[in-house]
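Paired with chain B in one complex and with chain C in the other, chain A is shared by the two complexes that follow.
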Partner chain A sequence: MTAISLEALKQRLALMEDAEIIDRETTNGLRLTFIYLETLIDQERLNESILEPVVRSFQSSVEKSLTTVKMNRLSNLEQALQYLMMGSVLVHDSSSARWHAIMLPNSLTRSIETSETETIMFGPKDSFSEQLEQNILLIRRRLPLTALKTERFSVGSLTQTTVVLMYIDGLINPEFVTIAKKKLSSIDFDIFLDSSHIAAFMEDHYHSIFPQYLQTDRPDSCAYALGIGKLVILVNNTPFALIAPITLFHLFQSPEDYINRWLVASFLRPLRYLSFLLSITLIPLYVALTTHHYQMLPLQILYVFIESRSKLPLSPFWEAFFILITLEIMKEASLRMPTKTSQNLGVIGGIVIGQAAVEAGFASKVLIVLAGISAISNFLVPNYLVTKSSLLLQFMFLILSSYLGVPGILLGLVGMIAHLNGLTSLKQPYLAPVSPFYWRDWVDLFVRGPLHAMRIRPEALRPLIKYRISRRRK
Partner chain B sequence: MKRFIQATLVLLSSCLLILESGCVLLPENNMIEEITPIIFWSVQEAEDGKITISTLVPPLIKEKKRVLNLKVSLINEGNKGFNLNYHNELKAGQIRLLLVDEAYAKRGLTRLINTVLTDPNISQRLYLVVTKGDFNEFLAKHLDETDNIDYYIYRMFKHYEKKKQGEITVVNLHQFMKMLYSQVSDPQLPVFRAAGDQFLYEGTAFFDQDTMVAEIRGKDDQINQLLYRDRFVRYLVLPELSVTLGHIRAHTRKKLTPDLSSLSIEIDVKGRINELDSLARIEDNYQFAALSQKIERYLEENVISLLSQMQKLQIDPLQIGALTAKPFSRPITRDTWDRHWSTMKINVKVRLHLEPLTKVK
Partner chain C sequence: MLYYMIIMPSAIVQPYMLLAIVAMGIASQFCLYMLSKWFATPYSTQGYKGFEELFGKTGIKILALTGLPFLLFKISFISISYAAIMQQFVFPTMDREWHIVFPFILCCYLALFGMENMIRFVTVVFIVTIGIFFMYIPFFLVQSNSIHDLYPLIPIGPEPFAWKSLLLVFSSFSGPEFLIAISYWLNPQQKMLKYLTIANTISVVEYLFISIAALLFYGSKYLPTIKYPNLEMGRYLQSPLLERVDIILISAYMFSILYSLALFVLMVYGASSLLGKTKTGTSRVGLVVSCFMAMACTLLISKWFWEPGIEQAFWLDLQMWSGSTTYLLSPLLIWIAIKRKARTTS
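Up next, the complex of A and B:
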């Protein structure tokens, strides 16, 4: 530990043009040195609440002059630099030879906006921003409980990113907290710019294409997760929080499920599972049927298929492969394109790739229709990461179906389920409550039962407080 | 990584196991643009014990069509011959119709049925039809690019089979096979006549085991349809009584005496009068009852005549012999049944329940 000295600080701050070192003398002759980075601190507050009161003060020490601000006494150089880089003003009192840090961070942030990744029609519209404190506030407002604990961690040797672990003490299964704390403290890497980087280091199976931590920028989702006995990890400088432990089925749930009428929500949820299945198997099924199992098609559909495929130069597999690749190129392009030019993409995609490919004889009309259905149904899954990973699954099924037909698709499904069954999120099974089986949790699984029926918290999470209702029949 | 290698090994070995254990997943190339799935075979008798087999290609694509004809001794010889005569491989996996010429049906269908049954590609949902006239000439008149006559005929059978629409007899391979290999029952098939560019329903053919022995038409055909598993008949036209009954449902109770000397049949016929071409005033209770009675007697006579025709031929398309089957007892042999059936006394009682469409006094 190095002792703090003005020279040592000056040496560390050399070549930093935003570093400021100013000296002031108070009315009664106290000499004070202020050191700060002008880009990191709030200049106006520095002048109003520190410099002016201090200079006019008749007190004998800086602690007595500044009673309204929180001052941290510094003991070594490393601590001083850490405070400095977090947006503090370092104050050196020459009479007592003491160093203090006053937090005055620049509260530059964007306003609370609507979530763009998880949009809903009805319900709360606010979403997280890049500022950690604001994000904590948004959750605390929803859960005004002293039991809502926030534990701070710092990860990344370069970024020094603050990570906050949130949970409701006395409700959450303590095992989750222990595992999460252990994982967070063992992270060793330099740069963390997003919560997905943290998730990558905390995941039990980082080779899998299925996310094991749910990323969300919706405070209501986080509050709900905390309330049913999960934990939330907030990361500074990113609007995305992590929710864990999750199961595969959580990826198909949307906050809107709990806003819609339960019958409507129960209809929409299976639709999402179905559309996910469609998005990964529809085109492979087309390839399997047109390559191997013409017998399985009803005559009417066979008629349409032969008609559309009769003059194509490519085999069903290559036809599907090229169309899928083109579709992905378009999807990626639409993400990267400037908004003003994205209209062109619609025209190019719709006319050139859709209509012209059929007319030129590169692709069959049937496949274009199926690719459209498959692409649209892909977006029904609320989780964007699943949407992305389903592409890889689709290609896997495509290859299997082209070689082995429908048995290939079944083989792929068996393999996928076996893989999912082996996954864990925060060491908890990924397919719960299906495997292991918790029948009481099924009320909010493939259907979204009425809220009245959800009297207990998910059993798979083993929360310390089982019931969600306070008055229950003995 | 270790787990991935393990998973890959398990998947690969299970693939190999499936492939090697005889369940071959890729036996042939079925790419739909390279094959021609035909939807019917038409089999006719030719001279010197041979058969002529024909089909229509391409079956579905809107292109100029061709009739393929081959004179062969075996069905699959014809199938092979078609492939040598046509640029695409003809696949039988979507075959839905098997049209057999009347003359060939009279020689016996066992050989044909066995060949079709043993082909793993051919589904048992295959409609069997007996044809009269020159079916190839009929096909030749429907070779337009837009005319998928084979497909339309298939749709016709599918339509009448579904929900038992009650117009024509429809029998598929599975039903035929079941009757054919049953100890006491005999199959029946629809009969169509190809006349010029028309394909007309004639009636029902009765088989003695696998050989066609008789054909019934018109009124007899309708009564047969009614009796065959409590069927529904849309119109029962009775010109002799100047009456058409509509939406007829029959509920039949057949009872055999233990010594197999007599059969009593009670038929409850429900329906309504659809058309009346006489001066009978059915709004009058007395006349209505008289007409009902007349229809009942008429139906009874016709049922008896139809059954006695079956007795004479020693055939049992209505599966009356199945009534002899009892639990824990030996099934009756064909010879015993034929002996009893041909001399069996038949009592028929028809009860007509007509829906009053008008206010009856």
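Up next, the complex of A and C:
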């Protein structure tokens, strides 16, 4: 530990043009030195709350002069620099030779906006921002409980990113908290700019294409997750929180499920599973049918297929492969292009894919229709990471179907489900409540049962408080 | 076993033979009762240590040595039979050996997840299997069905039941005896008999369901002429978008086939480790080697000893005998060992 001295600080702050070192003398002759980075602190508050009161003060020490602000006594240079870089003003009292830090961070942030990644028609519209404190506030406002605990961690040797672990004490299974703390403490890396980086280091299986932490920028989703016995990890400078432990089925749930009438939600949820299945198997099924199993098609549909494919120079696999690659190129391009020009992309894409490819004889009309259905189906899955993962799955199924037909697709499905069965999130099974089987949790799984029926928290999470209702029938 | 379920209707050709399913179900319950005694003892939760206390180190080696050929044979029989079905119904142009190799590769992947994950995977397999059964409901709704096709229910004549059919049905119930080997991961409880009884009842209902559907659909005169009645029935299933739904149906059986294969491969690996000198945990390489050993054995039988006709019938007979034997003797052996141990300790 190095002792704090003005010279040492000046040396560390050399070539930092936003570093300021100013001296002030109080009315009774007390000499004070203020050191801060002007880009990190709130200048207005510095003048109003610190400099002006100090200069006018008749007190003998800085602690007595500034009674309205919280001051932290500093003991070594490393601590002083840490405070400085977090947006503090360092104060040196020459009379007592003491150093203090006063937190005055620049509260530069954007306003609370609507979530762009998880849009819903009805329900709360607010979403997280990059400011950690604001994000904690949004959750605390929804769960005004003293049992809602927040524990701070710092990760990243360069970024010193603040990470907050949130959970409801006495409700959550303590095993989850222990595992999460252990994982957070053991992270050793330099840069953390997003919560996904934290998730990458905390995941049990980082080679898998399936996310094991749910990323969300919705405070209502976080509050609900906390309420049923999960934990939330908030990361400074990113609007995306992490929820854990999760299962595959959580990735198909939307906050709107709990706003819609239960029958409507129960209709929509299986539709999402079906869409996911369609998005990964529809085009491979086309390849399997046209390559190996013509006999599976009814005669009328077979005519359509034959007519559509009669002049194509490519095999079904290569035809599907090129169309899928083209679609992905266009999807990626639309994400990177400016909003105004992306409309042109739609027109070009529509003509190139829909019209020209068919006329040029590179793709069949049937495949174009199926590619459209497959692409749209992909967007029904609420989780963006799953949507991206499904692309790789689609190619895997495509290769299997081209060589092994329908059995190839089934072979792939067995492999995929076995893989999912082997995954864990915070050491909890990823396919629960199907495998292992918790029948009570099925009320909110493939369908969304009425809220009245959801009297108990998910058994798979093993919460300490099982019931969600206060008055239980004896 | 799944393969038996596919061919069983060809063994249950007369309506009164449905009673054989019920009778063998009761016999199976007796074996399960003996099995439940094992699960009720503390030895079942102790894994290797429990077996060591019951049989001793040499005894375990002898058991592993005896079990290994049975396991390898079971693996070979299941995969070759399924490959033969795939070749006949789905891919006639593809060599049967390829139908063995591809599932084996995936089975190896499944086995690498370990016993605990494999045991958990059973729920998914069960859901898929139940889904397959729903596909057969339309056969009960065919207009030409007549209740008279299920008569006579009481057997007539001097030899109403062919003993081979009874053996086939009994061996169809076999499989639970392998639970002994995996009891360490099952968290056995006192309620085990209840769970085993439920599973046995489900098996009886499933077999009756499939056999009645076949009897109603084909009639008792035509049924004996078909080799795979259950699968042939699938050919009559149609949907507005797809004909030959049986191709999907047969492929869907892969869930159960691969699951059983992966489980047996893990057991082969376990038995090999017991025979070898390796006492230091498990290794992925060892498991992969076991898987390839099982595949080599299967390919060997398929290439040189599995020709349609006499040879194939021989393997089926052998499997019926071995299935029935292990199902009857394994619980009995363990039951005797428990009794013997109880007597020596008291």
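What we mean here is this: the second predicted complex is superposed on the first by the 474 of 474 C-alpha atoms of A that agree within 3 Å, B and C clash if a C-alpha of one lies under 4 Å from a C-alpha of the other, contacts with A are read in each partner's own complex, and residues count from 1 in each chain.
Operating definition for what follows: a contact is a pair of C-beta atoms (placed from the backbone, for glycine too) under 8 Å apart; a residue touches a chain by one contact, two chains touch by 3 or more.
In this text, all values refer to a predicted model and were calculated from it rather than measured experimentally.
Visitor: On chain A, do chain B and chain C fit together or clash when superposed?
Guide: Aligned on chain A, chain C clashes with chain B.
Visitor: Once the shared chain is lined up, is A:Gln82 touching chain B (first), chain C (second), both, or neither of them?
Guide: neither
Visitor: Which of the two partners, first being chain B and second being chain C, lies in contact with A:Thr33: first, second, both, or neither?
Guide: A:Thr33 contacts neither chain B nor chain C.
Visitor: Is A:Leu411 contacted by the first partner chain B, the second partner chain C, both or neither?
Guide: In the superposed model, A:Leu411 contacts both chain B and chain C.
Visitor: Output check: A:Thr291 vs chain B and chain C. Expected answer is one of first, second, both, neither. What do you get?
Guide: Touch partner of A:Thr291: chain B, not chain C.
Visitor: Touch test for A:Tyr303: chain B only (first), chain C only (second), both, or neither?
Guide: The answer is first: A:Tyr303 touches chain B but not chain C.
Visitor: Which partner chains sit in contact with A:Leu312 here, chain B, chain C, both or neither? Use first/second/both/neither.
Guide: After superposing on A, A:Leu312 lies in contact with chain B but is clear of chain C.
Visitor: Classify the contacts of A:Leu431 with the two partner chains as first (chain B alone), second (chain C alone), both, or neither.
Guide: second
Visitor: Answer with first, second, both or neither: which of chain B and chain C does A:Ser94 touch in the superposed model?
Guide: The answer is neither, since A:Ser94 touches no partner chain.
Visitor: Following superposition on the C-alpha atoms of chain A, which segment of chain C from the set 97-105, 115-123, 205-213 or 223-231 overlaps chain B?
Guide: 97-105
Visitor: Shared contact residues on chain A, chain B side and chain C side combined as an intersection?
Guide: Touching chain B in the first complex and chain C in the second, residues 292-293, 295, 297, 404-405, 407, 411, 415, 418, 422 of chain A appear in both lists.
Visitor: Can you list the chain A residues touching chain C in their complex?
Guide: Contact set of chain A toward chain C: 292-293, 295-298, 301, 404-407, 409-411, 414-415, 417-418, 421-422, 429, 431, 434-437.
Visitor: Residue numbers of chain B touching chain A in their complex, please.
Guide: 1, 3-4, 7, 11, 14-15, 18, 25-26, 30-33, 35, 37, 39, 60-62, 91, 93-94, 96, 121, 123, 151, 154
Visitor: Across the complex, what residues on chain A touch chain B?
Guide: 207, 290-295, 297, 299, 302-303, 305-307, 309-310, 312, 315-316, 403-405, 407-408, 411, 415, 418-419, 422
Visitor: Give the list of chain C residues in touch with chain A in this complex.
Guide: These residues of chain C touch chain A: 86, 90-91, 102-103, 106, 109-110, 113, 117, 120-124, 127, 238, 240-244, 247-248, 250-252, 254-255, 258.
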